[in-house]
Every structure is written in structure tokens, then in C-alpha cells.
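In the part that follows, the structures are each spelled out as C-alpha cells.
Common to both upcoming complexes is chain A, partnered first by chain B, then by chain C.
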Partner chain A sequence: MSEAPSGPRIGVDEWVASAEERRQKTLSARAERAFERVPPAAKLALLAIPFALYPFLVEDPYLMQVGINTLIFVLLALGLNVAVGWVGLLDLGYVAFFGLGAYLYAAVASDYAGRHWDGALAIPAIAVTVAVAGFLLGLPSRRLVGDYLAIVTLFFLQLFLVILINSTFTRGPNGISDIRPLTLLGREITSLDGYYWTALVALVTVVVVLYLVNQSRTGRAWRALREDELAAELMTMPVNRLKLMAFAFGASIAGVAGAIYAPAQGAIFPASFDLILLITVYAMLVLGGAGSLLGATVGAVIISASLEALRDPEDASWLVYIAVVLVLLVLIKPWWRGLAVLGATAALGLLVHEAAERWWPSLVEGTTFGQARIDRLVDGWVLMPADFVTEEGLPAGAAARITYLLFVASVLALTLIRSSLWRTVAFVPVLYLAAVVWQNLMLPQPAVARFILMGALLVALMAYRPQGLFGKARVEIV
Partner chain B sequence: MSANGQPAPLLRLEGINTYYGQMHILQDVNLEVREGELVCLLGGNASGKSTTLKTILGIVEPRTGAVILDGRDVTRDSTAKRIERGLAIVPENRRLFGPMTVLENLELGAYLRPRADLQEDLERVYSIFPLLYERRKQLAGTLSGGEQQMVAMGRALMARPKLLLMDEPSMGLAPVLVERSFEVIQEVHRAGVAMLVVEQNANVSLSIADRGYVLSTGRVVLEGKASELLTHDELRKAYLGR
Partner chain C sequence: MDWDKLVQLIVNGLTLGGVYALVALGFSMVYGILKLLNLAHGDVVMVGAFIGWGVLGWLGGAQDPAVAVWLLITLMVLAAMVGCGFIGVAIERFAYRPLRRAPRIAPLISALGVSFFIQNSVLLLFGANFRSYESFDLVDVGIGISWGPLNVWILRVVVFVSALAMMLGLWLLVTRTKLGKAMRATAFDREAAAMMGIDVDRVIVRTFFIGSALAGAAGVLIGLVFGSINHFMGFGYGLKGFTAAVVGGIGSIPGAMLGGLLIGLAEALSVGYIEDVTGRIADLTGGRFPRLGSQFSDLVVFLILIGFMLLRPQGILGKREVKKV
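Right after this comes the complex of A and B.
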């Protein structure tokens, strides 16, 4: 829509005449403009390549399973992006649509239901049904905004879960476990690879559709609605209809994700669609930058992969230490100051460890739960008190709990320091304390530590880049 | 055309009383804009000019009185319904879609019309505001205040309104652009669009208007031909303060 109009006298005022001269000629500015000119299809292909290579690079079935889950997560984040990122509707009921999609699949293809629909029929049918459900949820909610909408939709999610858990029809908390594999046009998918490719095809389709919708009149109207609902209405946009469309559209993507998830897992439980999942998907969107397709995708991959890696004692410590070093080097400016903080932290650790060995040997007599090389490496650096944690890795006494609290308090205190120099200095003991807490208390409890770390990551990101990795900063009209 | 040969009124406010909570703002306001007419609405700060426009749009509902649009009583209709009947507005604080480009803002102004017509309207807007063509890919929120005002006017014109409401279109513009904005208003007027323009600048706006109304603390204290108002003593006293 941007062809040059033939009629108007272009360039009649000063600004217009000098615009070309004012344009930055630096390399990065040129590169940015060149990147803008890359056709979207090429960008999509570029993005799809790593996903397409993944099954060829990994053999481990566990990693294939992780890959499938990651694709499902990306689908969920993209669907959530419609209502939350584009239209700005804080929909906290979203994962109910994922659950609905999964349970609907169980209803049309399981031994329990005694049916086995072909995926070519089941998936579109589920997409439509869940879209209708999204529409219905939207009906009572369309006049609500912000906090009110959030509470009402959260209520609907809870209602959905309560029904799942208490209904004998859905077999309550035990879930449905004899789900039939996905069949596509008569061919049954039994391998993990098969599910991976199915999910990837669904993902690419969804991305293309979302891209086109975003470019369309409707997509533009959605974004306008997010900015200023009254102005949108004054521009003749049918505000209510647009909101309902967004609800339905996002819901249907979640429904499709559920319809692939159910047969890929073979069993589904109400607990798979609870608040934890909702928070995780929101975290993905927030991390990547709400409103951006690339952001939702990257955010979902980062969080899904990190949560998985943190589960594994072989990888967890690597991930944490590398992330901390990277974040420090990026956040602290100038960069050599970040380097100095790292050096000082290392020195502090060696000093403390040396002193403890000499005067309080019990402080270094514990053993770590970590199994990575780096865990053995930091053994001579981090304090590891004996009997700090129980066999199961729970804090064993008051000392351990106090250390935990001290760590949390010191992080909070860090945010209160105004002077950038003193804050940099304060980083050193806090980082060391963090390492002590990680090695002794978090590592043995990955299930808890995962979410604490995810929260920490988001807080750090929001402080420095509130719009997320790929989100556009809001432009306020003042 | 009505019986007496006058153009039919496009908009008529009949005995409007508008309240904000307990505050009685508009008091018995009667006002008319006929087809193709340029009417200006004058008044000091807080005299109820913006409130009048909001009442016309249905953003606030009058407690008594009627808003008649194109011969139909729309007093209880939604804003959207009224807009569909050919209203468009340049709001006082512009209310552009900040993170969207100038072009997107303009296109959104014509949301309900088929795309095929868009190009023609875009060209018309660009020929009035050439700068907008140059800036069509810039985010509206990053424009200067004056540039934003042009987008707001362009966006309203994109809707091809029958009646265009403008709330202080010259606000925040440099003197040259103030003149330019009045030229634009005249141009649009000549194209046959009826307009109700809220302005602080009484002299300039009366010089281009057909008729004018003067509001003071929510009442219409003066109305008449623009040329007569210009020389009216009471207007000078009440409004221009000299």
C-alpha cells in the first residue's frame, strides 16, 4: 500500500528535501535497512532451519520429546500473543483452551471413547470447536479490560480445571491415558520423529497465517485497539467484534496445540493445564517481547530449553554460570567493570575458601549434588558446609534457611543501591552468596530452583529491557 | 433542502443538558450545522467546547435533550453507530496510534471502506500534507507535535466524513502551520464537507467560517453569521477580553 502516489507534490517543504541527508550512513544503520528489505518468506525459512535440523542432530528419544514439547510451547506462546500481545487483552484463561483441545482429541480418538478419528478430520474440527469456545469466553468478557478481564478469565480457567478434576466423564485427576496415536490420512504416527514433524508443520502453518493476519486490516485494527480503544472506535473499528475474533483465533491455536500434544503424550491429566503452565507461557511471551512473532518463538524456545536443562544435573550448573557471566557482561557498563566484578568474585571465593579450610574446616566438608565438571571445579571455591542439606537435598537446619533468606534479602538490597559504583562493588559478595546457595541448596532441588531462576531471569530482563527481547518499546504520545 | 430553501441541518443539538456526575456542564445548548457549512464553536477554557463534541459523538450522554444527525435521533445510539452515519473527529489530544506508522494510522482512518478506494484518499491527504508522504513509514508516536496534528487531520479526512468535528486543530502548531491548517480547513470545506471547528483563535476562525457559536460556562451566549460575530461588541468583551 505504499506505492508513490502520482498526484501530490512530493518534497515541497524543507524537511522533505533534507530528509535523505539526515539519514544515518553508518554500517549498522545500513545493515538494519538491508535486513528490513529481506522478504518475510526468507526470514521465515531462516527461522525454520534450526527447527528442521534438530531431528537430524539428536538421536536421544528424551531430547526428541523435549523438541516436541518445545514446539508445542512455541505454538502456545504464538496463540497467546494474539490476545495479549496484539490486542492487549490480559487473558489468564488461555491454557484452558490448550486443555480443551487435548481433551477433545481424547474424546474423538481414544480407547476410552471407543473412537478413532483421523487427524485430518480431528484437528480442523478441534480448531473450530475451540475457537467457538474462545468466542463464548469472549462474550461475557469483551466489555472488560485489564485487571477485570484477567480475574474473570482466571476464574474460567479454574472452573475448567475443577470440572476436569471432578467429572467422572473425564476420569477426574487420573486423566485419560489410552489415547490413540495421531492418524493422518490413514497413516498412523507412532515415532517421536513423526510427532516432531507434525508439530513443526503445524507451527509453520500457524506462523504463516499469523504473519498474514498481522499484515491484514484486522491485524492492524487489533494493534490500534491495544493502543487506544476509544480512538479505534472513532475510526469506525468494530471494537467488540475484533476482540471476540482475537479470543477465538488465539484459542483455536491453543486447541490445535492440544490436539497434537494429547496423542504425542499418549495420556493427559488436568494437572497438565494448570497455573504453572499459564505462568510459563506468559513468561515466554514476556521474555521474547509481547507483540512480536519472532519474540514469542525465541522466548518459548529459550524458556522451554532452560527449564529442561535445569532439570538435568549434568547441564544445570553450566547453564547457570554461563548465563550469569553473560548477563553481567551485558548489563554492567563499561564492559571491563563487569569483568572486574567477575574477577573480584573469583578472588573473594578463593580467599574465603582458603580461610575456611584453615580455621573452620567444617564449612567446606560437604559434597555437591552437581555432576557436571564445573561443579567439581567450583568445589574448591564455594563454601560447602557439612550437613547443610539432608539426603534429599532439603535445607537441614537453621543455618541453611538463613543463608537462603540472606541471599534473597541481599538481592533485594542490591536493587536499592543508587550509586552505580557501589552497586557494582556490592555485586561481588551477592554473586558469591548466589553461588553458595546454588551449589548447596538449589542444585539438589531442581523443581523449585527452575522457577526461582526463571523469575530471576525475567526480573533482570524487565529491569533493563521492559519490552522483552524482540518487543518494540512503547511509543508514548505526550 | 428544507421548505424555506435552507440546506437541511446535518446536525442539530436540541436543548442539550450534559452533566459530569453532579456537575451541570452544558446548559440548554441548541446548535445546528447545515450541509456543507463551516461552523466554529468558540469559548474560553472550560466553557464546554470539548464536552459539546463528546456529546455529539456519544462519548458522554446528555441527561436531557436530543442529538439529531442527518434527520435521525441518535441520542441513545452508540458512538460507533453515529460514526457510521458520517461523523469523523480530530480529537483535542490527537489520540494517534503511537507505535504504528503514519501510513497505518491513515489507513485505519478509513477502516470500513473497501481497500480499492484507499489509494485515492491517501493521495488526497498527501497532497494536503506532503510531509506525511515522506514520513509515512515513521511511527506516529515519534513525530513532532505539529506533525502529529497533521496525521490526526489526515486520518479524519480518510473517513470521507459528511461532518468533520475538529477540536482545536491549530493547537501546538507554529504560526505558519496555523495558517496552513486554516487553509486546509477551507479546502476541505470547499470540497463540500460540513465542519464544526472548536477554536481558541476567534479572529482567524471566524474569518473562514460561515457561522459561529460562543459558549460561556456551558451556555450558548452568542450565535450568528461569522461576519457579524467578528464585529460584535459583546463577543469582544466576553470572549476576546477587549
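Right after this comes the complex of A and C.
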């Protein structure tokens, strides 16, 4: 006897339910359901296999180093996910805990400190110490809303850096460079492969622990807290204790990451734990999808790999052009319109370049900084004004700076156009301007350009897809 | 007791405090209306400093200004205010407005992105070198007020007085004009204000314009008194501005002024005395406590922040908010 429920169902917000119902019909929701049916152990194996294969495919020690750093980044993103993704606390001092872990390792295992603890003792000890530090930092802001926590933690990061840079016992900006290799149960790890496997084992352990915690009573309480703190408190959940717990838990994961990072690098410097790292880890988490373990992992891998590729002028242009084409094809619907935009941009460029060659030759007489084949290819397409940038790659005058500002303004204006047809049309000149800015201004300074792109990515993600790649869209209940 | 030093430190503290108060005001106004921590506010200060520097260079530089010095400084401040005002409006429009109904944490993350974007854009356009206003060439150090132990460079006086004047102007705007009334109403209850016929979006945009314009002015004043600017300076000033707003009572205009002056004085005094005090403590306890240099003045400010959070979280002049369900 099945009776269709009539009237409002108890405990279900109707609006949320209808939004959820519509979402269930989409393709991504179906894929998600199929994914949810996979047993967790199989998921973990699926996640771990690419990481486990990496050292067998890669010979180059530099790439191995990149692999280790990526694993550290994944650990960091997973730790940040606890406070930010699950509980919804904005922890802006997060990388200070990473730094604390690294410096604590230096304090127990370096020639400078004159100690050499075994990793099996040092890593758990560091995890506990950093968790206590996180707990203490969270205490003063426990009564207050998340914003105060953000200020206190940001200030803490600043203070942490001030202490690292100015203290004699941390050797100031020179850092500590004679860190002993990690020793695990008497066996010393000296090869890059060894560190990679250590980091991977730590990662798998952390993922398993996080998964179990998320399924536990505490995990459910955390999520309840994120959705509605007041309601959670009314259900007799100890809100403050839960928040501090999440805070300390995330911090201890960062501490473990730091304790692996320090011996893997052999040297640590205050500059490695600054705001840039913080925003990088946030970008990873947000891109992947806050609240999802898979999302945090994938986001960290994507951002880490892109930052690495953008640093290299050989790869940077390729990556950017391919990313732009992909984004366009996904963004503009139907797909043939995206192709039309690309074609029109190419035609516009040829036209402009031809016109400039004939009437204003100084606009194409500059030399490119790019070294990839694609840079030589676009040389006949993109305007390269002479004396636009200095030999160091900095903008030479007001014209270059105004071009950049014009580009930023045109991208912002593009988002304001309501009509989809006109927006598609407007894409063409903006894309061409983007190519001009990239080739002339950004390519000479790839290290800076990649951070500009990351900042823009954060803003765009929050505005258009706050759930990231793998997160669940959340409906705010008012 | 070295009175000259104390007086000098107090003068430094008041100058710094005036600047912090301006930064805190913009931050506090936005927080009052949107309950949003504008983490990009410090970077608006930095952009203001760069706009002022650009105007200075455009009008002939500090050695050979094309116009009278007072006019030059006025123009620099005005240009920075207008430029930063529009940047503030753009930040609101593109980074915060789409997130008005999103979970609380979303605009904060967006603000991180904006801050990073602005910082690195300036780095891309101007490079990592420190830029100098060369204010010693602009206004001779000898010119100033001199009275007993008091020796104040005129530019410091100008900075302090103009900061006060701007705060007074803002105070009048908020308490005496129609826009101010609308701002207060929006801060009190946004939905009710909208129902009373107030165009809430317009009020928010204007709040951002005014707050960011004050930040831009603060940037130029910083450049004038402290000389050098760079793309990373916004972080520190933003942080102190936030602290000042929290200490003074977030959302309150007189509170932001008081908090700014308090933080400025605390920082200047700890820069001056932290070495003596920690040195003496180290001597008395036989070196059990470390000696700290003046770089650790941030520590004192941080302790003040923590102290306020523990003892008086609503700040000096703030009202304790009761959460309504």
C-alpha cells in the first residue's frame, strides 16, 4: 500500500527538495550516483593507482621532485578541506601550521639542532604538537563568527613569518639548510623515490582516516554545523568543541605534510610558507570542490601541474592556448558557436596584423619572449608593438599598462552582457586582446602571470561554479 | 626617561594611527552593511599609493614639480580617491554581488582571489622594486612645527589633519545626509530597508566607493610619510586596519577612528620600547626570556587583538549583537 505523500513533508524544505529533484535528472548527477555505488576501498584504489604508477613512468629527478611536491600539496588541500570544506571555517593561517611542522622537524632532526629523531617518533609527535597549536589559536575566537577567526588566523600567519624571519634560532631568512634525511625505524631515506613513497603512504593513511572521520558521528556533526550552526546547537551539539576539533585536526595534517616536506627538501626557508602558498592551497580546494576528498585531490594535482607548466616558457603558451580553447568550447553553447568564435578570432587577428603591417609597422616590430613553436606561429597573428616591454620583460611605458587595464576591463564588461548572441560576438575582440596581453606582457613574466591567472580563477569559480569540479552544489536555506 | 623619544614616538603613532583609522573606516563601513570581511581592502590601499605615485611622476616628480606642492598633494590624493573608489565598485560588482546569497565563506574566498589578482597585476605592471615618493625632496624636513621637545615635520601634520578631516566628513555624511540615513538603515536591516523603498544595491555601491576612496587616500598618505611603496604593502596595512576596526568596534565609525589611533600608538611605542623592555626582562631573569627587536612590534598588536577578542569581543564602542533566529 503506497500512498503518495500529500502536503509538506516533515523535515524537508520544499524548495530544496524540488531543486534536488531537478538536479537528480542531470547527467552529472547520474554519474555521481553511479560513482557513489562503487565501494570506498575500490575508490581509494582507483585514486591511488595513478599516483603509484607515476614513479615507474618518470625517470627525470626534477619531475620526481615535482611529484613529491604535488603529493605534499594534496595533503595540504585535504587538511584544509576539514576546516573549510566540512565545517565552513575560514582558516587563513593554515600554511603557518605547515611551516610549523617543517620547522619542528628541523628542530628534532637536523645538524643545526644536533638531534636526530626517528621519523616514526618525530612525525606523530609533530602531528600532536601542531594540533595543540591549532587548538590554542582557535581558542580566542571560539565565541565569535567565522570572520573573526579569519582575522586572527591571518594575523597569526603574519606573526609566524615575522618570527621566522627575525629570530636567531630559526636563522632568519636564510632558513635551516642542514636537515637530516628522514629515518623510518632505523632506515634512512635518501632517494627521491623513497620520499615519494613515504608521502604517498602518508597520503593514503590520511585519506582513509579522513574518510572514516567523515562517516563518523563527528563528521556528521561537522557537516550539520556547516549547514546551520544554530540548528546544530539546538540539537545539543557542542558547537565550539567541534569547531576547535576540526581546526586542530586540519592543522595536524598540515603539520605532517610539513614534517615530510622538510627532509624531502633538505632545507626550509620562511618564504616557503607565505601568502602565495596559502592562496594556492585555497585555489586547489575550491577548484576541486570544497567538501570532497576526491575534489581536493584532483584540484591539487591540476593546480600543482599547471603552476609547474606555466613556470616553463616552453610549455606555458601551449597550456594557456589549449585551456582557453577548451574553456570556450565548454562555456559557449551550442558547440559550433564556440568554433565560430575561434575562427572569427583567428580571422580578426590576421586582418589586424595585416592592416598594422601596412599602415603602422611599429605595432608588429617587437620581438617575442616565447620559445615554444606556438609562439613563433602566433608571431604573424598577434600584434607585437616595438618597445612595449623592457629587456627584463617589464612594461616599458603607459601604453603597455593601459593595454593590460583595458584587457581586464573588457573581460569584466563581457560578463555584464546579458544577450547570449552579443556576448558570443564580444568574445572575439576580447580573446584577441587576451592573446596580445599574453604574448606581450605575461609571457615575459610567467612566474607572475600564473598567479594572476590563479587569482582570477578563484574569483571566477566562486561566481560561476562555487562547488568546483567535484563538490556538491549547496542550496542556501534562508 | 627620555622625553624627546617618547614625544617623537607619540607623533609617529598618531600619524600611523590616522592612516590605520582611514583603512579601518572603509573596512568597517563595508562590514556594517554587508557583514562581509573585505579582505581585498588592503590591496586597494596599495593601488591608491601607486596611483599617487603615478600622478607625482606625471606632474614632474618630487624634485621638479610642475605645480605648487600643496596642489600636487591634493591632486595625488584626489586621483587616488577617485581611482580606488571605482576599483572598489568594480570589486563589489564582480566579486561580491554574485555571491550575495551564497554561503558566508564564498565571498571571503573570492576576496582572497581578488587580493591576489590585484597584487600580482601591480607586480606585473610595475615590477618588484620599491618605489619612492621622495617626499624629503617634495617638502623639506626642516619645515614643520617646533615647540619645546616637539619637532614635527609638516607632512606628518598634513597627514594627521587630513585623516581627521576625512573622518569628520564621513561622520557628517553618515549622520546628516539622506545617503547616510540610507546607509544606516541598510546596515540595520537590509530587507526592511529595501521594503522602505531604499535602493539597497545603490547604497552598497556607494558605500564601497566611499570606503575604497578613503583607502586610496590612505595609500597616498602612507607614501608621503613613509616614503617607499611596493606591491606587497597592502597586506600589512590591511591587517592593521582590520585589527583597528575590530578593536574599535566593528561597524562603528568613531570606533574605527579610536581603534586606528590605538593600534597606531601601540605599534609606534612598541617599535620604540620593545628592545629596552625585553632586554631588561632578559637581564632580570638571567636570559630566560628572549630579547626582541623592533621588528616584533606586530607581536604587541596581535596580543592586543587577542586580548580584545577574549575580554571585549564587540570592541571599544561596538554593541554586543544578539543573534536573532
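Basically, the second predicted complex is superposed on the first by the 436 of 478 C-alpha atoms of A that agree within 3 Å, B and C clash if a C-alpha of one lies under 4 Å from a C-alpha of the other, contacts with A are read in each partner's own complex, and residues count from 1 in each chain.
We take it that a residue touches a chain if its C-beta (ideal position, glycine included) is under 8 Å from a C-beta of that chain, and two chains touch if they have at least 3 such contacts.
Just so it is clear, the structure is predicted and the values come from calculations on it, not from any experiment.
Chemist: After lining up the shared chain so the two structures overlap, which partner does A:Val152 touch, if you call chain B first and chain C second: first, second, both or neither?
Modeler: The answer is second: A:Val152 touches chain C but not chain B.
Chemist: One more residue to check, A:Leu46. First (chain B), second (chain C), both or neither?
Modeler: So A:Leu46 meets neither chain B nor chain C here.
Chemist: Have a look at where A:Ala355 lands relative to chain B and chain C in the superposition and call it first, second, both or neither.
Modeler: neither
Chemist: Under the stated touch criterion, which partner chain does A:Val286 make contact with: chain B (first), chain C (second), both, or neither?
Modeler: A:Val286 sits against chain C, while chain B stays out of touch.
Chemist: For the overlaid complexes, name the partner, chain B or chain C, with more touching residues on chain A.
Modeler: Comparing chain B with chain C, the partner touching more chain A residues is C.
Chemist: Just checking: does A:Val201 make contact with chain B only, chain C only, both, or neither of them? Give me first, second, both or neither.
Modeler: Touch status of A:Val201: no partner.
Chemist: Considering only the touch criterion stated at the top, classify A:Ala399 as touching first (chain B), second (chain C), both, or neither.
Modeler: Neither: A:Ala399 stays clear of chain B and chain C.
Chemist: Give one of first, second, both or neither to describe whether A:Phe451 is in contact with chain B, with chain C, with both, or with none.
Modeler: In the superposition, A:Phe451 touches chain C alone.
Chemist: Examine A:Ala271 and indicate which partner it touches, taking first as chain B and second as chain C; both and neither are also allowed.
Modeler: Touch partners of A:Ala271: none, neither chain B nor chain C.
Chemist: Have a look at where A:Ala29 lands relative to chain B and chain C in the superposition and call it first, second, both or neither.
Modeler: neither
Chemist: Could you give the residue numbers on chain A that contact chain B in one complex and chain C in the other?
Modeler: 230, 474, 476
Chemist: Please output the residues of chain A touching chain C within their complex, sorted ascending.
Modeler: Touching chain C from chain A are residues 84, 88-90, 92, 140-141, 143-144, 146-148, 150-152, 154-156, 158-159, 162-163, 165-167, 226, 230, 275, 278-279, 282-283, 286, 392, 394-395, 400-401, 404, 408, 412, 415, 441-442, 445, 448-449, 451-452, 454-459, 462-463, 466, 474, 476, 478.
Chemist: Contact residues on chain B for chain A in the complex?
Modeler: By the definition above, chain B touches chain A via 57, 59, 79-80, 83-84, 88-89, 91, 93-100, 103-104, 107-109, 111-112, 115, 118-119, 122-123, 126-127, 130-131, 133-134, 136-137, 139-142, 148, 155, 159.
Chemist: Okay, in this complex, where on chain C does chain A touch?
Modeler: My answer: residues 31, 35, 37, 39, 90, 93-95, 98-99, 101-110, 112-121, 123-127, 235-236, 239, 242-243, 246, 290, 293, 295-296, 298-299, 301-302, 305-306, 309-310, 313, 323, 325.
Chemist: Once bound in the complex, which stretches of chain A touch chain B?
Modeler: Touch list, chain A to chain B: 1-3, 5-13, 15-16, 19, 217, 220-221, 223-224, 227-228, 230-239, 472, 474-477.
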